[in-house]
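Okay, so chain A shows up in both of these, paired with chain B first and chain C after.
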Partner chain A sequence: MAEVRIEGLTKYFGDTCAVNQLNLVVRDGDLVVLLGPSGCGKTTTMRCVAGLERPTYGDIYIGETRVNDLEPRERDVALVFQSYALYPHFTAFDNIAYPLRLRKTPKDEIERRVRDVAEMLGISHTLERPPGLCSGGEQQRIALGRAIVREPVVFLMDEPLSNIDALLRVYMRAEIKRLQHELGTTMIYVTHDQVEGMTMADQIAVMNEGTLQQLGTPSEIYDLPANNFVARFVGSTPMNFIPGALQKENGRTVHKSDQFVIPVSAEMADRAAELCPSGQCTLGVRPEEIRFTTDDEGDNQARVFLLEPLGSETILDIEKEGLLLKVKDVASTQVREGDNLSLSFNRFHLFDDNTGAAIR
Partner chain B sequence: MAQTDVSETTTNEPVPQDVVMAAQGRRLNPRKLLVVIVLYLAAFWTLVPMYWVAISSIKSLRDLAHIPPRFFPTDPRLDAWVTIFERRILENVYNSLVVSTLATIICLIIAVPAAYAATRMRLPFKFVAIVVGLMGLVALLPPIASAIPLFLLGSDLGIIDEKYTLIILYTVLNTAFAVWVLRGTFMDVPMDVEEAALMDGDTRFGAVRRILLPLIFPSLFSIAILLFIFNWNEYIIALYFVNSMKTMTLPIAIQAQIPQHELDWGVVSAAGTIAVFPVLVAAFTLQRFLVRGLTFGVASGQ
Partner chain C sequence: MTVQQTVSPLPGQGANSPASQPPPPQGMWSELFSFRDNRLGVMLIIPSLLTLILVQFYPIVYNFWLILTSEKGEWIGLANLSRLTRDTIFHGALIFSLKMGIVVVPMCLLVGLGLALLVHSDYAGRKAIWISILIIPLMVSEIVAGMMWKIMYHPTLGLVNVPLSALGLEPIIWLVKADTAFIALCVVEIWRISPLAFLLLYAGLNQVPRDIYEAAAVDGATRWRAFWDMTLPYIRPMFSIATILVFVWSTRTIGTIAATTQGGPGRATWNLSWYIYGMSFQRLKPHYASAAVLVMLLMTYIAGTIFVRYLWVERRSR
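Entry: the complex of A and B
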C-alpha cells in the first residue's frame, strides 16, 4: 500500500514530447484512471511509474521512495498489459506462480496462494492449461491473478479490458473495481474509454497531448469540465457546442450565436467579463440539460430531423441553420421527426475561444 | 487460429481440429494433383544426385564406366568403402564434427546477445541500421574474397593448420548471418511478454533466459542446424587453412581422394556419401522444427 507521487514528469522520445510537466498524486488506496485519446501520454506515464521507461525529467515517488533509478523488480508494482502478455509456454498455474517463484517463496505457500487467487477470480479450472487454450476472459483473469498473487504496493493496468467483448467488459470492470476495493491497493488504470473511467475511478486524470487537463472525481469531471477538451471527451453522448459571443441585451448578458440567444446568469457574466474580456466564447451544454417544449412559439426554435431510440431514452437530433444538437429525451415524449421544438438551456458551460478554458 | 497453434507447440494434447479437417478433406482435385506432381519432380531433381553418389560408391569399375549410365549396379561391391576407411576418413569426420559443432555453439553465444541488443535495447536507430547493414554485407561477401587476406593474416600469426583457427574463422564468418536471422526471430516475440517478466520481478537476463529463449527455441534450433550445415560444408577457407590430416575436414578430404592420375570415382562417392549423411539427418530434424518456428509467431502474438 502506498501513495504514488509524480512530480514534473516529462518524457521525450527523440524530439517527440510524450508527457509534458505532469504532476499527479495518487492517494494511497485510490483507483485513479488516466483517461485520454490514444497518443496522449497516459501509457507512457504509467510505464514510467512501472520502470519500463525512464523519465527525461521529473521524479516519481512510490511511498516515500524516489524510484527513478530503481529497476522494475525493485519497485514492487504489478502491471497488467493490454495484450495480457502471458507466458505461452507455461500453464496458467505457472503463469500466476512465476512472480512468487522469483521471490523464492516456499513451494507449499506458492501452491496455496495461486489456488486462492484462482478461486477468487473463478479460474481454478484453467490452472493446468496453457493460456492459449483459455478464452479471452480467462486469459484476462490469469493476467490479473499474476498481478494480484504477489500483493504489490501498486497495481498498474494498461487498457486491460480493450481486448475482450463488450458484455464481458461491463462485467470485468465491476470485477476489477471490487477487487481493488477488497485489496485496498493503490491502482493506476489507463484507458481511452471514458465509460470505464467514469464507472471505475475514484479520481480521473484526463490527459491530452502529454499534459494533464484535469484531475477530479468522475462527477467533477462530468459536471465541471476544466476546458473544452475535457468537456468534449467525457460523456457518452457528447456535449453540444454552440460558438458565439457574449453580448448585452436589454441590460442582461446573453450568449448570442447565429442560431440561438441564450440568457447568461449575472454571476457568470461577471466572471466572463473578468476572464474573457473579448466575449468570444463557445457555449457547451450536455444533451440532458436541454429542455424542450413542442410549442411553436418561443425564442429558440429548432427542427427535429432524426430520432435515435435507445430504449430507456431517445436521442433527438436537432438542426438549426447548420448547427446540430443532440438532446436527450428521458421522458419519452411523443416527438416525431420534423417537429419544431422550443429549446431552453438549463445548465451550461462557457469556454473561452482563445484558451479553451472553462469560464467559472 | 492462434489457440490451436499454441496447443500444437506447447502441449501434446489432441490434434487440433483444423489439422483433422485438412486430413479428411484431402481429395485430389486437378490443382492439388498439379502441385503434387511438381513437388515430386522437385524431390526427384534434388534426390537423384544423392542417389547417384550413393550407388556410385558400390558400383564396380565396369558399371561406373558404362555408357549409357546404369541406374542400378549390376555387380555391387564394397571396395571403395574399405579403401576410404583405410584412408582414415573417420578422422576427417571427427575433425568436421568438432569444428562445425564448436563453431556453431560459439557463433550462437555471440549472436544471441548481439541480436537481442539490436532489437531490444532501443539503441539509436541509425547506429543499429549501420551495424546490421554492415553485418549483412559481410554475410553476402563471397568467402573467396576474404580467404586470401585471412590466409595471409593467419600465416603471419602462425596459426595455419590448427583446428581452433577454423573454429574462429567459421564463427566470425557466420555471426553476421546468425545475428540477421535471430533479429527477425526476436522481433516476432512481443516486447510485452518480456516486460511482464521484468514487472513480475525478474532481471533482464532472467527474462531472456526463462521467457524469451524458451519461446524462440524452435527458431534457435533451426538456426543452429543451418549454421552447422554451413560449417560442415565449408570448403574455400578450409582449403587455405588445412595442411595436414590433423585438421583436415571432410570437404577437403573428399577432394584429396582425387589424385593426379586414375581417378577412383567409387572412393570419392563413398566419401561424398559419408559427408551427406549428417546433413540429411539435420535436414529431417530441421524440417520438423522449421514448421514450428514459423507458426510460433502466430501463437505468441495476441
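Entry: the complex of A and C
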C-alpha cells in the first residue's frame, strides 16, 4: 500500500505531446479515476506509472521510491488491461497463478490463494478452462483476479469495463469499488465513461489534451467545474451552455444572450468584473437546475419541441431561436410537445469565453 | 366423433421444448450438399482433390505394386523388402539421412528462430528488406546452391578456406574426407533451409499479441521468462510445422549431393534420395528402389506424427 506521486510528468511520442506537465498525488488507499476523452493522455499516464512507458520529463514516486528507472516487475503494481491481456495458452487458474509463480510462491499457497480469489470473484467454475472458452464477463474477472491475487501496492485499471455489456458493467463497477475498499489498496482507474468516474472515485482527475483540468471529489467536479471542458464532459445529460455577455441593466448585472436575460447575483457580478473584464462569458446550467412554469408570461419564454421519457424522469428538449436546452422533469410530466414554458435559472456557472475558466 | 385438439404453442414457449425440435441433420454428405454455398465449395474442391489423387495416391499405390513385383514383372511378395534389410549400402544411406536430419533440423530451427526474433525486434528497421535478403537461399535451386558451395569449399579458390590460410593453417579439402564432407553438406543444408524456418517462425511471432508481454512484464516476468512462457508456447504450432518441413527438406535432399559430392568419397555421403536415384536410374532396379521409397515414406510419416504429437498443442483463440 502506498501513495503515488506524479510530478511534472511529460510524455512525448515523437512530436506529439501526450501528457503535459501533469502533477497528481494519489493518496494511500484512495481510488482515483483519470477521466477524459480518447487521446487525452490518461492511459499514457497510467502506463508511465506501470513502467510500460518511460516519461520524457518528470518523476513518478510510489511510496517514497522514485520509480522512473525501475522495470515494471520491480514496481509491484498490478495492471488490468482494457483488452484483459489474458494468456490465451494458459487456463484461467494458470493466468491468475502466474504472478505468484514468478514470485516463487509455494505450490500449496498458490493453490489456496488462487481458489480464494476465484471464489471472491465468482469464477471458481472457470478455473480449468482457457480464457478463450470463458464469457467476456468471466474473462474480465480472471484479469481482475490476476491483479488481486498478488496483493500489489497499487492497482492500475485501464478501462477494464469497456468491453463488457451494460448490465454487467453496472454490477462490476460496484464490485471493483467494494474490492478496493476491502483491500484498501491505492487504485488508479482510467476511463472515458464519466458515470463510471462519478460512481467509483474518491477523487476524479479530469484530463484533456494531455493536461489535468481539475482534480476533486465527484461532487466537486459536478457542482464546481473548474472550466467549461469539465462542465461539458461530466454529467450524463450534459450541461446547457448559453453564449452571451454580462451587462448592467437597471442597476443590476444580467447575463444577456440572444435568447435570454438572466439576472446574476451581485457577488458573482463582482467576481466577473475582476476575472473577466470583457464580460464575454458563457452561462452553463445543468438540466436539473432549470425551473419552469407553464404560463405564457414571464421573461424567458421557450417552446418544448421534444419529450424524451427515460422512465425515471423525462428530458424536455427546449428550443429558442436556434438555441437548444435540455431540462429535466419528473417522469409524470404534464408538459406536452409544443407547450410554451417560462424558464428560470436556479444555479448556474459562468465561463470566461477567452480562457474557458469558471468565474467563481 | 372425438375432436383431436391441437394446441399451438405460445410463441417462445413450445417452440423451444425438445419435442418440437427439428431432427438433427443426417450425416456429413447431406449437410455438405444442403446449401447452395456448400455445393459451390465442393465443386471448387474437386479439381484439387483429383490432382491430389493423381499425383499422391496413385503413385503411392503404384509404388506398392512395384515393391511386390520383380523387375521382370513377376509377383515376388515381400522379397524386395527383406532384401533391403540385408543391404548395407541402404543401411548406410538411411543412417546418413537420419544423421543429417538430427544435425540439420535443430540447427535450422535455432538459426531460423534467432533470425526471426532479430527481425521481429524493434531494432530491425525496415523489416521487408531484411526478409527479402534472408529468404534469398529459398529462391536458389538446390543444384545451383550446391554448385555455388562446391566452389566455396574449393581447397585453393574457395572462400571457406580463406580464413584458415590467413591464420596460417593448412587448407581443408572439405569434400574429400567423409567427416568433413558430412559437415560441409550439413552447412549447405542449414544455409539452404533455415530461411524456411525463419519465415514460418517470423509469421508465428507476428501473431503473438503485444499486450500479453506487457501483462507479463507487470506481473513480474523478466524478458527471458516471458520468452519461455509467452513466445514459445504461442509459436508452438508454427514451430511444429517448421520442424516437419525442415525435416522433410533435409532428408529428401538430392540436388545438393549431386552438385557437390556425388555421394562420395566412396559411398560416405549417400542419403536415401541418392540411394533411390542410383538404384532406379543407374542400376535400373526401380522395383527394388521402390522398397526404399516406402521406407522413406514411413520415416517421414513417423517423424511427422511425433512432431505433431509432442510439439503441437492446439492454441485456443481468445
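Throughout what follows, the second predicted complex is superposed on the first by the 358 of 360 C-alpha atoms of A that agree within 3 Å, B and C clash if a C-alpha of one lies under 4 Å from a C-alpha of the other, contacts with A are read in each partner's own complex, and residues count from 1 in each chain.
Keep this in mind: a contact is a pair of C-beta atoms (placed from the backbone, for glycine too) under 8 Å apart; a residue touches a chain by one contact, two chains touch by 3 or more.
Note that the coordinates shown come from a computational prediction; the quantities given were computed from them, not determined experimentally.
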| item | value |
| --- | --- |
| Partners on chain A (chain B, chain C) - clash or fit | clash |
| First, second, both or neither for A:Pro99, with chain B first and chain C second | both |
| First (chain B), second (chain C), both or neither touched by A:Arg146 | both |
| Touched partner set for A:Leu133, first chain B, second chain C, both or neither | both |
| First, second, both or neither for A:Asn163, with chain B first and chain C second | first |
| Chain B versus chain C as contact partner of A:Pro37, first or second or both or neither | neither |
| Chain B/chain C common contact set on chain A | 50-52, 71-73, 77-79, 81, 83, 85-89, 98-99, 102-103, 130-133, 146, 150 |
| Sites on chain B touched by chain A in the complex | 2-3, 5-7, 9-11, 13, 190, 192-193, 195-203, 206, 211, 214-215, 299-300, 302 |
| In the complex with chain B, residue positions of chain A that touch it | 50-52, 71-73, 77-79, 81-89, 98-99, 102-103, 130-133, 146, 150, 163 |
| Interface residues, chain A side, partner chain C - complex | 50-52, 71-73, 77-79, 81, 83, 85-89, 98-99, 102-103, 130-133, 139, 146, 150 |
| Of all residues in chain C, those that touch chain A in their complex | 209, 211-212, 214-222, 225, 229-230, 233-234, 313, 315-318 |
